Amino acid sequence: MNLVIKIGGHLIFRKEGVDVKLLREHASILRELYDGGRWAVVVGGGDFARKYVEASRNLGINEAASDSLAVQVTRINARLLSLALGDAAYQAIPATLDRVREYAALGKIVVLGGLQPGQSTVGVAALTAEALEAEKLIIATDVDGVYTSDPKTDPNAKLLEEVTLGKLQQILSKTSHKAGEYKLIDAIALKILSRSRIPAIYINGGNPENLRKAILGEKIGTLVKPE
Amino acid sequence: MNLVIKIGGHLIFRKEGVDVKLLREHASILRELYDGGRWAVVVGGGDFARKYVEASRNLGINEAASDSLAVQVTRINARLLSLALGDAAYQAIPATLDRVREYAALGKIVVLGGLQPGQSTVGVAALTAEALEAEKLIIATDVDGVYTSDPKTDPNAKLLEEVTLGKLQQILSKTSHKAGEYKLIDAIALKILSRSRIPAIYINGGNPENLRKAILGEKIGTLVKPE
Amino acid sequence: MNLVIKIGGHLIFRKEGVDVKLLREHASILRELYDGGRWAVVVGGGDFARKYVEASRNLGINEAASDSLAVQVTRINARLLSLALGDAAYQAIPATLDRVREYAALGKIVVLGGLQPGQSTVGVAALTAEALEAEKLIIATDVDGVYTSDPKTDPNAKLLEEVTLGKLQQILSKTSHKAGEYKLIDAIALKILSRSRIPAIYINGGNPENLRKAILGEKIGTLVKPE
Amino acid sequence: MNLVIKIGGHLIFRKEGVDVKLLREHASILRELYDGGRWAVVVGGGDFARKYVEASRNLGINEAASDSLAVQVTRINARLLSLALGDAAYQAIPATLDRVREYAALGKIVVLGGLQPGQSTVGVAALTAEALEAEKLIIATDVDGVYTSDPKTDPNAKLLEEVTLGKLQQILSKTSHKAGEYKLIDAIALKILSRSRIPAIYINGGNPENLRKAILGEKIGTLVKPE
Amino acid sequence: MNLVIKIGGHLIFRKEGVDVKLLREHASILRELYDGGRWAVVVGGGDFARKYVEASRNLGINEAASDSLAVQVTRINARLLSLALGDAAYQAIPATLDRVREYAALGKIVVLGGLQPGQSTVGVAALTAEALEAEKLIIATDVDGVYTSDPKTDPNAKLLEEVTLGKLQQILSKTSHKAGEYKLIDAIALKILSRSRIPAIYINGGNPENLRKAILGEKIGTLVKPE
Amino acid sequence: MNLVIKIGGHLIFRKEGVDVKLLREHASILRELYDGGRWAVVVGGGDFARKYVEASRNLGINEAASDSLAVQVTRINARLLSLALGDAAYQAIPATLDRVREYAALGKIVVLGGLQPGQSTVGVAALTAEALEAEKLIIATDVDGVYTSDPKTDPNAKLLEEVTLGKLQQILSKTSHKAGEYKLIDAIALKILSRSRIPAIYINGGNPENLRKAILGEKIGTLVKPE
């Protein structure tokens, strides 16, 4: 099976420090379930990335350059996960999509962070899923999946078991996103998943068993279907 | 002055071959007007890129990998322009935004193509403009600027002298774009120009004198204002 | 078996565009016959390379720099073939002979283009054959093999089944070569094949079955023997 | 003047986040005083590095690999400082001493972090000072200089205005260092400063004016003389 | 088994030239015994390195830059050994510890020389042993092991079968080392072996059978125990 | 002035060691006369390269891989010269012609060795001369220039003041060259000098004043004219 997993940086790289326990559990499940196919795990930036970007903006540095700091942080995060995976992971962190394709063919899980400023790690994960011809993209965030509306403000928000990409786009356009807020997906990722018809599964990564279920194809979180 | 120029690949790299005359004229104007600031020229793919992508799709290769071929072609195009610029250009083609920033500080015009699959060269140009803190982004295409509607289908379409980014987005959303059609801008580029408040000037690059005017700040084409 | 195959760029990358059908057939035969040994395929530049070099010369750019454009094109051609080969090919295009040796040891077909300006892709193929200790070098061009004289001008020209390197050199020295004409071999390649005693087989690559025969050791085209 | 400055990571990259104000002041003094000579600034890891190393150790990852995470963090820190320095700094962070020498010759301040696991950033600073033939190495920490004994435990500890390398070594050997405690210098750095006879000046980097004084050759902190 | 072997440069790369016979014998034993684990062989500089460093110093070039020449020579030495090992060796010489880890996971013996100026190849070997989690580090020099005192000056010097790292440090501190003399170990290597509790075995590499014994765990030379 | 100088490796890197005095004198003249133009110095392999290649062949390693060792040695030689040149030289040794062009534009002398196996350093020098649009190529060997026949065997051999490329080729074809013997030029170099019409000057590099004269355009050695 070819598979791409996106792990939100804030899940593991938190204000309080690295959540070693959660990282170890994720690593353990990945090692256990890895089947030798093309697997890539894309790790986000989390709190350390946020701190560098904030500092950079405070210094008056432009967004593109500030973003390059965040990309660097995602790569350290990826490196820590690849070390935790040990022999199951390719022991270099690719910085281009070409390298991702190259490493993914060598029978190891490829772990990466961002690629370039101006691309979100969700976008990178979608692109990677396309490049590796993944059968699905698992996106682990800190919420249980996609809701009918914002569960933080709307008490009637309902978790969706399944949603089309088109419908997801509609829901997101209604939810106003302030800068810095967690974004489920961006325009690039939507476009890529749509053109390549790759299903995405949103899970709550706070419980590592959700990752296991999503990999094994059991029902969990929200399934986003291309159509 | 810090400046970024995007040259549409189809202007110069055409079905019939490379338009050497137009390339030489562009190079000549750039050499003449270069003031030692941070200048970057982003070159698109043109017909050769299109041919590789088509072949790749026909071979059943995924979009991300196909796009990587187009990125490679843009870099050859960039290399040809940098050779034509001679001593005025930095003689290496950067493949990351970090390298763009590095080279642009060395007192030469940096010429580049695409950076990664999944980023259009317009998006790269906007990102580069932000990273180099350009005072404007000049976008040379094969039309005279931005019209009120599609001039190919609407005889009443009027060329706009000035338009806001918001208005541009509106016009574009009304114009249906079939795959392969020329796109003036994409979502990423719009977002970057907006957040960094960098004005863009659309010119018809078929007439090299338009490039001169746009660089010198004379009225030409359509000015897209951040607000 | 260790094996190197040179595919003339003009066979596949033609004025009309990429010959997707022929490329697919070559890829299919290579995938089918690959035995896990050190195999490399060296792809030439073809018509796109020619167009860039012509444009470069018209711009007054020196030969060495113009040649570097052609080298870049050969690498895109190589990349397209490696994508078509999929999992059978190493998914990075080496730019140095050291990388060729490195990748070729990893159980995948290595696809490459040129290495440096001033080296023909036939020379690169000979060097690669030596470095990989190939038992033969297959050279696919658009003619059926080596003739006693130029078949285009001499109606009595006869296809040779076998020829020594020394005799080949003699035949070539009699045939005047205008710039741009197809050259069967160059001085460097001759010297390398001679010192390493590697036989070369010239085949007409227009018929992919010839490639199969040459790989399997069946009689086809012209065998060039070291002695 | 050729000059190397080591900035302790904990000065700026603290548990609370990046000390933007202090970073800006350091950048401002460096920009103001830079004379076009070979200058390098070596930035340490600080609290973010510590957090990654701790997490890595908790995951059971070996010291060498854990240290590689810290090296990566120092490079992000270096990048942030180089961005803050703007045009005065070379806009790439060297990862080898050869690159340091290369960049330092181009008329810009080179900012770097660590080079390899197993080398402290003080060791890197000493090596850089030697490679750039610096006339002095300024080491900014969070104490005022070298004391006769540990000022935290000994109320009679006195700040030394001047000390020889040999004497410094003696003082340090008497002070027991628990893991994680701040170390003024290590064996490698001592050896390099000694063989190349480069004086070091320890200053309290918490007050940026100390940096100015040290650069200008005014009396501040502790001067460590080679003999 | 994970294993690191350090081969002293002077054993093979001698004033008289390369000791091809000894190199071949070492390569043969390594090929024969390699078990697919993470193995790295670190090769020193030998006489060629010494000559470059001497020339460099005579030219007044600083130590750090001179050392970079020696590092380059160790990499050529490593390359020669990797060529001699053929398919058993990874065919690229890593220049960073990250690359060592990356290559060592691919089922081939990794051969390397030095990494950075300011690190001895013994230090590199210790670091590599730690990074690969080697169960032992074999150090092949031109003496039979560790002696109670310097055997060249003290007729009563006795070869030790076993010694602790602490005791080794004591012995070394009593032996005065003039510049250029062969050093068994340095401070960095001692620290790394100690913290990672990796045993080292000193053998006389002049007899290749000693290497075999040391790899197979038979009694030979001096065993240096972490405790 | 754009200028390329080829320094025969055997002039400086000799069986006895590095000729530091001669290297210093060459460096001194280059520093003194450098005018800020595009200058490149190509350094050959000399005796160290010969020793590695011999050892490699004795180990049964193929010519292409053996040659890669020689290329590495030329780069160390180049590095030593670049260190001796100090601030006048670009402090990185390019490994591709593209890098040569890139570095040569930065106002420093570029020093390089070989580029790829299968290219002699004379070939590299000719290619570099073409790429930098050098007005001449100075080739420093251990003889006074080109003779009418081999001066070692023919007492009537006369030194030529001037010779055409065509005539040079004739003379060389009459002189039988045993393997390992010094070769004045090869087929590739002849072709490049001819097509780009770059004159070459053969001088005896054993006397550094000859280098000065050749740079300044004074009559010395043999002038090889394109026609």
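For reference, chains read A, B, C, D, E and F in written order, and residue numbers begin at 1 within each chain.
Basically, a residue touches a chain if its C-beta (ideal position, glycine included) is under 8 Å from a C-beta of that chain, and two chains touch if they have at least 3 such contacts.
Everything quoted here is computed from the prediction, not taken from an experiment.
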Handout entry: Those chains which touch chain E and also touch chain A
Key = C, D
Fill in the blank from the handout: At minimum, the number of touching-chain hops separating chain A from chain F is 2
Handout entry: Pair of chains joined by more contacts [C-beta pairs], B-D or A-B
Key = A-B
Handout entry: Gap in Å, rounded to a whole number, between the CA centres of chain D and chain A
Key = 36
Problem - Centroid distance [mean C-alpha coordinates] between chain E and chain D, Å - result: 30
Handout entry: For chain C paired with chain D, centre-to-centre distance based on mean C-alpha positions, whole Å
Key = 54
Practice task
Could you check chain A for residues that touch two or more other chains and list them?
Solution key: 65, 68, 98, 101, 106
Fill in the blank from the handout: Chain-chain contacts, ordered by label, are A-B, A-C, A-D, A-E, B-C, B-D, B-F, C-E, C-F, D-E, D-F, E-F
Practice task
Note which residues of chain A are touching chain D in the complex, please.
Solution key: 17-18, 20, 23-24, 27, 48, 51-52, 54-56, 58-59, 61, 65-66, 68-69, 72-73, 75-76, 79-80, 83-84
Exercise for the section: Please give the residue numbers of chain A that touch chain C in the complex, ascending. Expected result: 98-99, 101-102, 105-106
Handout entry: For the chain B and chain A complex, residues of the former touching the latter
Key = 62-65, 68, 95-98, 101, 115-119, 123, 127-128, 130-131, 133, 187-188, 192, 195-196
Handout entry: Partner chain C, residues of chain E touching it in the complex
Key = 87, 90-92, 106, 108
